[in-house]
Amino acid sequence: SSCLLTPSASPGAAEDPVDWTVADVASYFTAAGFPEQALAFRTQEIDGKSLLLMQRNDVLTGLSIRLGPALKIYERHVKVLQQTHFQDDEAFC
Amino acid sequence: SSCLLTPSASPGAAEDPVDWTVADVASYFTAAGFPEQALAFRTQEIDGKSLLLMQRNDVLTGLSIRLGPALKIYERHVKVLQQTHFQDDEAFC
Amino acid sequence: SSCLLTPSASPGAAEDPVDWTVADVASYFTAAGFPEQALAFRTQEIDGKSLLLMQRNDVLTGLSIRLGPALKIYERHVKVLQQTHFQDDEAFC
Amino acid sequence: SSCLLTPSASPGAAEDPVDWTVADVASYFTAAGFPEQALAFRTQEIDGKSLLLMQRNDVLTGLSIRLGPALKIYERHVKVLQQTHFQDDEAFC
Amino acid sequence: SSCLLTPSASPGAAEDPVDWTVADVASYFTAAGFPEQALAFRTQEIDGKSLLLMQRNDVLTGLSIRLGPALKIYERHVKVLQQTHFQDDEAFC
């Protein structure tokens, strides 16, 4: 129970993003250093299930956030959370 | 006559989405838990034939709905309705 | 001289869309049941030559028309007119 | 010195679009019958080097010009100028 | 220590774009002849790490800059900086 991307700042949150609420998603991005962008995820009502469905372009243009942080949020967080989630279908992390 | 995605909330609706009216489409999404987004489908005049022609990006950006629900509406409903419809051309469901 | 998609409502129009004027294009879509959208084609100055160059996304987002009718206009008309035109290069219809 | 697409209306312009100034590009499209759209090229500061880098979607959505003329400008001019330019790297025209 | 694209105008800047701050990125584009567009990179909070993640469409539509300069900024700078950076993982330049 120590997977890389568990939002340590929200200990009550489920470990697998698929179970995160909209509030958990926002907490995750606030803890990751993107408090302003976390608000945009909340405004767009993105919970863990939706987060796992997001593609690069959705993050860059669908959230109305600045391009610099958006590029990092996708590459370092959304993409990695998705890879971890879909790997976990086959193996423990 | 018990296919998975028949809109049970609107018993009068035809079973195959291709025959749904704009009102049937809106009823389907209201029953599926997306009453607010159902209005957007109605505003854009989307009947069953149009629904079967929608691609991911059309749902995400063409309806002016929030990104979180849009992602689920496409993955869990539009895509599944299309798969069921086009499978039915070959087999009973 | 009885090809499927000749705009029967505008008997003066040339049979091959490549020769349609902006007014012929608008007449075609009015006759096809899309009078409101016909105006958008006229506003965007789309004659037959431009019509034959349109791709799916151009119809869906470049005309500022509602998504439902746009999906049908592309699938049932623009795409079919283009197929008919480019087939005609090889055979009579 | 009689290549197909040299802007005959601006005899002072270099023959290869790569050397055209923003004013040469605007003159070319004015001479080609698109005076209104020529202004958009000028507003977007498109010189010959930029013109050779333009893709279909850049012409259709990046210039804020009407869709009908945009489709023709791309197919009959931008695309052809690029083909001619890149062919000329290998052969005289 | 004489790689092609080091921003000579900002001698204090790290040589590898991955280490550039938002200010370094802006200095680079100012020195490259795009002072106005440098402001847009700053507004979008693009540091070196984000710069290395940018795709063509991000530069053309995500910065709200004119199309002509945007096309050159992508082809001559962003793309080249990325190629140099990712080559450097394997060899000294």
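For reference, chains read A, B, C, D and E in written order, and residue numbers begin at 1 within each chain.
One rule holds for everything that comes next: a contact is a pair of C-beta atoms (placed from the backbone, for glycine too) under 8 Å apart; a residue touches a chain by one contact, two chains touch by 3 or more.
Heads up on the chains, UniProt names are A, B, C, D, E = SAM domain-containing protein.
Predicted model only: the values in this text are computed from it and were never measured.
Trainee: Spell out the chains that contact chain C while also contacting chain D.
Mentor: Looking at chain D and chain C together, no chain touches each of them.
Trainee: Enumerate, in label order, the chains that touch chain C and chain E alike.
Mentor: In this structure, the chains that contact chain E and also chain C are D.
Trainee: Could you tell me the least number of steps, going only between chains that touch, from chain B to chain D?
Mentor: 2
Trainee: Taking all residue numbers at the chain B/chain C interface, are over half used by both copies (same) or under half (different)?
Mentor: Here the answer is different, because the shared fraction of interface numbers falls below one half.
Trainee: What is the distance, in whole Å, between the centres of chain B and chain E, each centre taken as the mean of its C-alpha atoms?
Mentor: 44
Trainee: Using mean CA coordinates as chain centres, what's the gap between chain A and chain B in Å?
Mentor: Whole-Å distance between the two chain centres: 27.
Trainee: Can you pull out the residues of chain E that are in contact with at least two other chains?
Mentor: Residue numbers touching two or more other chains: none in chain E.
Trainee: Testing understanding: with touching defined as stated, what is the shape of the graph linking the protein chains, line, ring, star, complete or other?
Mentor: ring
Trainee: Residue numbers of chain C touching chain D in their complex, please.
Mentor: 22, 43-47, 49-50, 53-54, 58, 62-63
Trainee: In their shared complex, at which residues does chain A touch chain E?
Mentor: 60-61, 66-69, 71-72, 74-75
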